[in-house]
Structures are given as structure tokens and as C-alpha cells.
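Per-chain residue numbering starts at 1, and chain names A, B and C are given in the order in which the chains are listed.
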Amino acid sequence: MYGQFPLDAPGEGFGLLQPAGATPPATANRLAIVLFSGTIDKLMSASIMATGAAAMGMDVEIFLTNWGALAFRKGDHRANKRVSASYADYQSVLLEQMAAKHVSSWMENLEGAKEIGNVHIAACSHTMTLFDLELSDLEPIVDEVTGVAAFIERARDSAMTLYI
Amino acid sequence: MYGQFPLDAPGEGFGLLQPAGATPPATANRLAIVLFSGTIDKLMSASIMATGAAAMGMDVEIFLTNWGALAFRKGDHRANKRVSASYADYQSVLLEQMAAKHVSSWMENLEGAKEIGNVHIAACSHTMTLFDLELSDLEPIVDEVTGVAAFIERARDSAMTLYI
Amino acid sequence: MYGQFPLDAPGEGFGLLQPAGATPPATANRLAIVLFSGTIDKLMSASIMATGAAAMGMDVEIFLTNWGALAFRKGDHRANKRVSASYADYQSVLLEQMAAKHVSSWMENLEGAKEIGNVHIAACSHTMTLFDLELSDLEPIVDEVTGVAAFIERARDSAMTLYI
């Protein structure tokens, strides 16, 4: 993976893929998400955005980085009760309300989104190298490991991009 | 509200609103904001972005989810001194500097933005159901409660979208 | 700086720069980033996005606000070990892994991005006023201090915008 995205020399690792100032392609009906966070409030939010977009006929491209990638480690999602630290005082209320309302989990939402639409989930190679992870360490819902260039290629002609 | 966006079956709740792969509409001169956070540093940032965009002739569409929706509960904004937990050590500095500089509040900024431009604020139906809230529980600056599909419809042809 | 962006009357400070509803310009091959956060996990993520985009021939426009601006104060980056509070338990793992893998710092990444591409970094005038900062207080990698209107002008025709 170092060959794809060397951690010690990110600039050289990319090469110039196209000339500077080139015209970007026309906008595609796609939602691109950088999923940086691994708290269940943000994972839930991302999964709902992805589900909504898929139901509206949009392609969805999700790029898992940092804590977002760690949240997809096998089995992690069943134990994850992490809530954004800024709202730690709401953690028990959130968990109780989600249980009381029988809210489907963020993982179930993403599985549902994949069933109804074209949803592609990639984990960031930089993050995977940093935390010594392989694709086989992640839940099967993750399609592949890619570099940031591959994500940007997909995101820059997307109708909508969110950094979550 | 469950009919609009069932918490236990988000996929079915949407239906397919348009065929997959359809061309998105041309870009509109609009700023779309998902306001997920409820800390005053992020609320202030969102209100300044909205004000700037409105002053530049852009329409502004704000979608309140999770902690962002809770921050608009009636009266909450007058007591809210919550600052991002990652910068908790700066809370007193931030509050003191805002007082010393006579900075207008984020709510005043949003009210000003509504006066000079076309600013629409909607609360996420999913969040409202989860926390047992009705539109009448929120500040009057909130225009309505809508599902995520309605927001995506507005955001995907926006010139600029921010997840805050 | 108050003349450019009065803190107590943001609406009046802008003026109407163009008529409401005007058509936005065609999309430019540019990545726009609002860098609100000052934790090293998010700074690293922003620097990798910027590096990737620059290597792909995209222009990059970075707008430093709030904690993001404070992270660029002279010398601050060498001492900064701040990690998102939601993942405080991973702080030592992150720092150890970055040291073990010889990961270049986020500042080195940004310097590299500036060498290979057209990367412009501006600090938010509102934030600078709030914290009594001048351009000379920031690292030389920051090109100028501008108002939010100048950033939105650049962001709204960008192919991709991220709020980090």
C-alpha cells in the first residue's frame, strides 16, 4: 500500500494525473461522503443521507477515513456506543430513544441502501496503513481499499459532497 | 411523521422518486447546509456562512439534524454556552472575546440573514421523531419539518453544500 | 478589519454584491475547504485532501476559521498534539503510529501541496478580529486574511467543497 500512497511523501505518490486547470467533467447524479467520524450519531447521520440519496436514484460513494474506517472493523459496530464528546451528556438519552423507537442501526441502513441503489464504500489506504489494517479486517460491506486520488476523482463531479 | 420517514425501515419510506442515473438539474445559486452540530462555535460559523451567502444573492437552505435541531428548541439558544469538546479549554476565552467585541449571536445572524435574503430553515423529521419534538417546540425561525429526501432534492443542485 | 466584516452587523457589512438569483459561474476544477477544526487528526485529513487534489491538477482554496486559524499561529503546529475529543482514548495510538510510520506532518503536506499545485490559504477576518490576531501572527504558509464573502465567491463555483 505504501506504493500507492507513501505516507512519507504524499506529493510524489500521486504524480500529476492530469494537467492543471483542466475542465472537470459534467456533474453526475451522485452523493460523495467522506466519513471521517466514528461516533454513532454521525454514522447514523451518514447512513440516513446515503439511504435518502440511494432512494432518490443517486449513486453514493463513501470514503472511510480515520475514525470512520475504524468503525467498520469487523464486529466493532455491535459494541460501538460512542457519541460525539460535545454531547456526551446526551449519550444515554440518545441510546434510550433509539431503542424505544426501534430505530434501525446505521449498519442496517447502509445494507438497505446497498440493496436499493448503487452504493460503493471504500476505505482510505492511508488510514489502513496507519492502523495496520487490511480489507479483510473490515466488515464485508466495505468494497475495497483505495487512495484519496480515486475518491477525489469520484467526488469532484458529484452533485453533492459531504465531509462527516 | 412516521409515515413520512419510518425510523425502522428507511429504505421503504422513501420509494424511488426518480429513475437511477437520471441527470441532475443545472446548478442553482444556493448554499445548502446540513447543521448537525449544536455547539455555539459551529452554530456561529454556520450563521456567518449563511449571512455571507445571503448577502451575495444566494438562496440558503439549512437542514437541522441531531444536535443542530436540539439547539433550536425554544429558548435554548439564550442558555447555550456549549463549545466543541475538542476545544473545551478555549470555552471561557471564546465567550469573553465574543462579549468584549459585542459579537452578535448566531440567532441574530440568522434573523439578519432572513431579512436580507431567501433563507429557508427546515428541521429533520427523523430527528424530531427521535426526540419527541414538534415544530411548535422550536424557535419560530424554523420554517418547517421535512424529510431528508426534501433536503437532498434542494442540496444536490446547490452550488455549495456544507455539513457542519 | 471591522470595516470589512463588522462583527456586530454582519448583514450590513457585506452589501449586496450581486442581484439575488443570479446564475452562478460554471464549475471550476477547484477544491474548496473550510478548515474549522484544529485537531491534528482533522488537520492531517485536510492536508491529505489538499495534496491529493493538487496532484490531480485541481486548484485548492483553504479558508481557516476558528480553531483552524488558531492552529496556524506561529510555532503552534510543532506543539499541537490535540486529537478530536470523541477519540481521546486513541490519542496515544495515533501519535505512536504516526511516529512509527514516519508520517509527514500536516504542515509538511501543505507545504508540499503548495509546491506541486495552486494552493491558496486565507484566514477568516472575523476569526482574526475575534482572537486579536494579525496575519503576521500566523505561519508564512497563510497567504492573506479575507472575509467570508471572498471565500464563498471562490467556493460556490468549485467542483468540490469540504467543511472540515
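Quick note on the criterion: a residue touches a chain if its C-beta (ideal position, glycine included) is under 8 Å from a C-beta of that chain, and two chains touch if they have at least 3 such contacts.
The shown structure was predicted, so the numbers you read here are calculated from the model rather than taken from an experiment.
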Between copies chain A and chain C, what's the superposition rotation on C-alpha atoms, in steps of 5 degrees? 120
Since chain B and chain C are copies that touch, is their contact same (over half of the numbers shared) or different (under half)? different
Per the C-alpha centroid definition, the whole-Å distance linking chain B and chain C comes out as 22
In chain B, residues with contacts to at least two other chains: 27, 84-86, 161, 163
Quick one: which bits of chain C touch chain B in the complex? Just the residue numbers, please. 7-11, 13-24, 27, 32, 34, 36-39, 65-67, 70, 82-86, 126, 129-132, 147-149, 151-153, 155-158, 161, 163
Touching residues of chain B toward chain C in the complex: what are they? 27-29, 31, 41-42, 45, 48-49, 51-59, 84-88, 90, 93, 97-98, 101-104, 109, 112-113, 115-118, 159-164
